[in-house]
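Structures are listed in the sections that come next.
Below, chain A partners chain B and then partners chain C, in two separate complexes.
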Partner chain A sequence: MTRHFFYIVMLTMMLNIILNVPMVLVQDRFHGSIISIVISIIIGSLFIFLFIIGMSRFPKKGLPEIFHEKFPAYIRNPYLVFLGIMWMASGTFALVSYSYVVKLYLNPEMNLLLILGFLLFIIIFGASKKTDSILYLTEIIIVIAAPMVAFILFKAITSKFFYFDHIKRMGHFIWQIPSYSSISAATYIFIGYINLAIVNRFIDSRKLIKVLWTLPIIGIFVLCSTFFIPMGFLGVNGVNDVVFPWIFITDSLRMEFGFIERVLYLTLCLYLLLVLLFGIITWHIGLKLLEGVFIGKNTSAKTNIKREKLFTFVFLIGMGVLTLILQAITNQRQFFYIVKLWLNIRFPAEFMLVVLVYLISRRQKA
Partner chain B sequence: MKIQNKIINTLKQQLQETKDLIIHSFEYYNQPIHLVYIQNLCDAEKIKTDIIQPLMLCEKESKFLLHLLSLTHCQVIQNQEDLTNLLLLGNVLIFFSNEIYSYKVISVLNNQPEDATVEMVVQGPQKAFTQNLNTNLALIRKRYPSEKLKVEYQSIGTLSKTKIAILYDVNYADPIVINEVKNRLSKIDIDVIQSAGQLENALNKRKIHLFPTMMITERPDRTVLNLAEGKVIILINGTPFTLILPAVFFDFISSMDDLFHSFWIKMLMIVVRYLALLVTLILPALYIAITSYNPEILRSQLTLTIAGSRSGVPYPSFYEVLFMMLAVEMLVEASIRLPKAIGPTATTVGGLILGQAAQQAQLVSSIMIIVTAFVAIANFTIPVNAMSFAIRCIRYPLILFACFFGMVGLVGGVIVLLCILVDMRSFGTPFLSISWGSSDKIETITNVPKGGHH
Partner chain C sequence: MKYHLLIIFIMVTFFLAGCQFNDIDKRFFVVAIGIDQPENAKHHFRVMLKLTIPSAQVEAGKSDFQIITQESNSISEAIRVIQSLVDKKLDFGHCRVIVLDKKIMQSNQLDLMKWFIKRPDIQGITYVAVGEPSAKEVLSWKVKSERLPANALVLAFNEVTNRSPYVLSEILNDYYMRLRESGIDPYLPIIKPINGSFKINTSVVLKGKTIKAELNRDETRLLNELLNPEKTALIDVGKGKDQIFVNAEQTKTNMKIIIPKKGNPYVDVQIKIKGFIEESQKNLHRRSDIKESEKKAAILVSARVKNFLEHLQKLEVDPLGLGLKYQVKHGITKNELYQWKNLYPKLEFHVKSDVKLKGTGTMY
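For the complex of A and B:
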């Protein structure tokens, strides 16, 4: 099961090539984005390392069980709720962003709420499944999607509209003091490892430590492509004019001999697959974190299963309705402002969680 | 002696004075002997050779008794309550010197292996199982001469009392699975059970399900291969099909042929099969999504070709697809049930005339005819029937999703389908999960050796 951890980390990396992260990095491109990429790789790797070391001291246990042993209820429960909501929010934001993309490119005549509602339906359906089932699902989708993502990147780099000179021009802006939000956004690509908080129940995290060195390398590659490739296409200034630079540039790529001529549609379907999967995973992890709070362990097994099922559906549908309301009351500009705000809060929250898990694991004799 | 007559009379009453109950009474060694059996259930020849003839040859009573007891299926009855049961299971009851003996003389029907008709292979064993449980067991024992092979008998069905045998290799089979099987078998409450599919439905935890989680096969070679991979086999008397469990998704896409071909041929076959699976699942939905929602996805020449062929069609692509899919489903259903003599007529009328005419009348586009044929052919490449039927069914929800949401609906539908599949468990084994060639995997057609593990 060890490999499933990598799939989830890969998923968040691949997803953030096009969503949210490039938006922030591109905005801050003259204010130290490049340095922040370098810093974020160091910070991100450190976080992953500490968190995995921490979790590996608690074999086969998820975060709710660990907190259950270590903290009293009045500290544990609010914190788990906070983490659960934060985590579900990341899925929600990916979903809402993508519903704008769908509206823009695939179903222009359809109501935005209807599109989002459909996506939410799939996510609620998927997130209510068992944790190990979702890991199998992740594997299947990543195995299908990863080569295609690689193909799209390859197509982009070899395109004749890709000018390396634009990227060279960015060399002038290396030595800038990085802004906080760009570091915060760049570290976000590593966020997949947080899923270990629940997935640790199924994964032997000790085995992970040996192969961890691969993640920073993939991270460098992903961050560079998410930041530089749009710039090579659109120019240092022009890149700021589009909302989804990646989707914009894949529209200029052609597969001359394919059934599907425009790479754009391959990208759209592929990323729809990834966004839905990401939504399913984050909502599921959020659900499990909250289940640790609300569902007691001392009730009998049968009523517990019933209560769990009821809780799952009521909670997921409730969150679905909240997401719909969020989209209904905000426009795209406001929505991206919220995402940026959330990315900024997320960074200290992530930091706190990693340090906390690491510290309590030091006191745990493994 | 009176007691014996009394017993025979109660037997008669218990069996409703049925006319095929034969009571054969005669005197020998100066005492009455009664043979009681049900006429057509028992092999008269066997009664003659094993009981009557030796009786004539034995001068002393004790000698005949010794002979009787030396017969393999003969026993002295201690408990007189299940006499009717013994009769119904094909025993002859011998009332002799104040004792009752039962001897199994059931006439064996349908015990000749015939050619496999449902699951065929090109180069490989050709014979299927028979309808007789004992013959089937013998077939398996011959192919799998292992001292670790364990057989357990049970009977299922309150009225039919169908005999089933549970087989597994003690070394490889998972005890959890075996316990689960026995547990579920004990909970089955059904009157008559006559086929493997019926038992599969009864064993399934969910009453409403679509995908098969147990493999039904008529091939002894597949059964034995699965036995060697640690699966549990259930043989059912009266049907040439056996149940294999647990089964995973990939089992249903594998054919025994995969083992008999060389590597590249095998790879080609497997790739073709998975492509066919993809085609038969998503092509109709894709057609709707592309023609009705996102024609710009395809390259422009292809889009124009499709639009051109659809120009005369007076309704949305949804009707077109449903109409043609329905026609194919009916054709398939009709050709299963039809007598062989009429079969070709149905295919000619349905396939050639209807298809051609529908296209010329511009009720469906010619591209749609191609799609329909492609989908139907692709569906037939799935080697195991149960899965092929399930895939046929699951096509329609995808069509519906594509109708309402176009490409988004199709991608979403595929994810929903994957969610359902990965969440299924076949006796604790995940139904759909990739296991990258490890030797512990429970997957049928594999070249990874298992002997020597554990």
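For the complex of A and C:
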């Protein structure tokens, strides 16, 4: 099942081509975005290596089990809850962002909360399934979506309206001190590996180490296309005029011989699929991390299984309601501000987790 | 499990809200938008919407439409008023052509275009053009062969259906980028209604955000060839008995700004053309004949392109993006933009072209 790990990492990368990450990078484009992309590739791949080496010392164990062995309850439980909530938040933010996209392009007359509610319904339904069946789902969707994303990227680069000169103009802004938020946003591209915290129960992560070198390469490609391709269409100034630069530029593309002429709709449907999948995975992993709090208690009894199911649904629905409230009380600008804040908090949290896992794995005799 | 599947299927149908709560027969499809100079001086624009009237049979020349006009200070206000003049909901999803009046182009185009860009339902691939004598004339013109309203214009601008080197086409997103960025100037084709059809072979170039000059037919063709390498161009070489016509299938243009330490700054233009001879008075049997024609064609192309570039230089417009190329090398701050402004009128053009003739068609 090692390939499923790659699917999840790929999913996160593909998703963040259009959502949230380009927003931060584009804002800071004259203040060291390019150098932060370079730095984040180094940091991101370092994190991946350390985390996977760390996790591979604990075969067939998830993060909750590892923590259960190593830490007392009063440290482990709050930390697991924190990680779980952080991780669910990343799915939530993708969903809320995408509900704005749906409102804008697909269903302009529908209520935003209603759109988000439907998305959440699917997410809650999917996230309450078993981990391995979610992994199979990931494989199906990525195998369908990846060629299409590649097609859209290809279409964009070969377009007549893609001016390479705009990208070259950015060359004058390479040597600038990068801002912290642009680094933390750019490293977010690689975040998919955190799922290994739970998925490690099903994956032999020692096998992963051999093929890990592919991830930085894909990362470079993804980050560059995230940042530079919208610029090639819109120019270095114009790129900041639009809210979702990537979705905007797919509207400059035309499929003369396709079913639908506007590439925009292909992108939207494709990314709807990816956002839903991303939501399902993050919420599921967050849920499992939280369930780790109850580890060690007798779970085999029949009443307990029922109680666990009840807990799952109540918790997920509770999170869904929180997401709806977040949507209701913020406008788009405030929401982006919150995302940016969250991206900034996420980076040290990720760093802490990776270092922690690596350190406790050093003491573990493999 | 069956129960779950049922729930999923029910959920899926929710997302198939195909008509968005509004059936297709309760909508008016806007296929083209025109903006004219208003008659009343109080207002800024006169907005025209071309609405389709759907009919059961699609036949050439039977496309039926309706044009609603409203003068207003802003487009969004005009659209709201127009909505009150018609019975059905306006739908901009099929708007494929935006026609502007030449007089309206003397005001700032960027502010005008922002409305179109901001609306997600107007396609980014919408064609933008100038209408002569007015946008209204162009919108209300009946084309004999047209099967669907405004379809004739869409087909004329489409690169696949119409490969004529005279037809320039410009889409909304690209037009916006050209208006927004310094270093590259916008251009727009001009549509003129003629008896039963359209004539699209001239164009306007803009300087910055307002109109600067009009290009005639040959200049438009040259601009098109330099902008779009996939257009098939026709090159006429020589005169009288020696005249040949070359059908250029591929035109590759490469431009570089070179600022030597000594001497004048110049633009190095390399043109590579591949093509066939389409028409010639003489028989071209020998290899040397073709070689000679290649040479003649190359000299002619160089001279023609040089003239054209100098013409653009005189007009102080830059639709080819030379300013961008300068910025790539020297930076994009205000200081460099100012320097480029001074430099551009002094630039020389060194054009070198290379014509390769692959054959002469069915005859020698």
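Operating definition for what follows: the second predicted complex is superposed on the first by the 361 of 366 C-alpha atoms of A that agree within 3 Å, B and C clash if a C-alpha of one lies under 4 Å from a C-alpha of the other, contacts with A are read in each partner's own complex, and residues count from 1 in each chain.
The rule is short, and it goes like this: a residue touches a chain if its C-beta (ideal position, glycine included) is under 8 Å from a C-beta of that chain, and two chains touch if they have at least 3 such contacts.
Everything numeric here is computed off the predicted structure, so don't read it as measured data.
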*Once chain A from each complex is brought into register, does chain C clash with chain B or fit beside it?*
clash
*asked:* One more residue to check, A:122. First (chain B), second (chain C), both or neither?
replied: both
*asked:* One more residue to check, A:172. First (chain B), second (chain C), both or neither?
replied: second
*Partner chain(s) touched by A:248 [first = chain B, second = chain C, both, neither]*: second
*So, A:107: does it touch chain B (first), chain C (second), both, or neither?*
both
*Which of the two partners, first being chain B and second being chain C, lies in contact with A:161: first, second, both, or neither?*
second
*asked:* Let me test your reading of the model: by the given contact rule, A:132 touches which partner, first (chain B), second (chain C), both or neither?
replied: first
*Would you sort A:237 into first (chain B), second (chain C), both or neither based on which partner it touches?*
second
*asked:* Just to be sure I read the superposition right, which of the two partners does A:265 touch: chain B = first, chain C = second, or both, or neither?
replied: first
_6-14, 258-266 or 294-302: stretch of chain C that collides with chain B_ = 6-14
*Indicate the residue numbers of chain A shared between its chain B interface and its chain C interface, in ascending order.*
107, 110, 118, 121-122, 125, 261-262
*Okay, in this complex, where on chain A does chain B touch?*
102, 106-107, 110, 115, 118-119, 121-122, 125-126, 129-130, 132-134, 136-137, 139-141, 143, 258-262, 265, 268-269, 272-273, 276-277, 280
_Please output the residues of chain C touching chain A within their complex, sorted ascending._
7-8, 11, 14-15, 17, 20-22, 117, 120-121, 123-125, 158-160, 171, 173-174, 176-177, 180-181, 184, 228, 321, 324-325, 327-328, 331-332
*Along chain B, where are the residues that touch chain A in the complex?*
293-294, 296-300, 302, 404-409, 411-412, 414-416, 418-419, 422-423, 430, 432-434
*asked:* Applying the document's contact rule, which stretches of chain A touch chain C when the two form their complex?
replied: 104-105, 107-110, 118, 121-122, 125, 160-161, 163, 165-166, 168-169, 171-172, 233-238, 241-242, 248-249, 251-254, 256, 261-262, 264
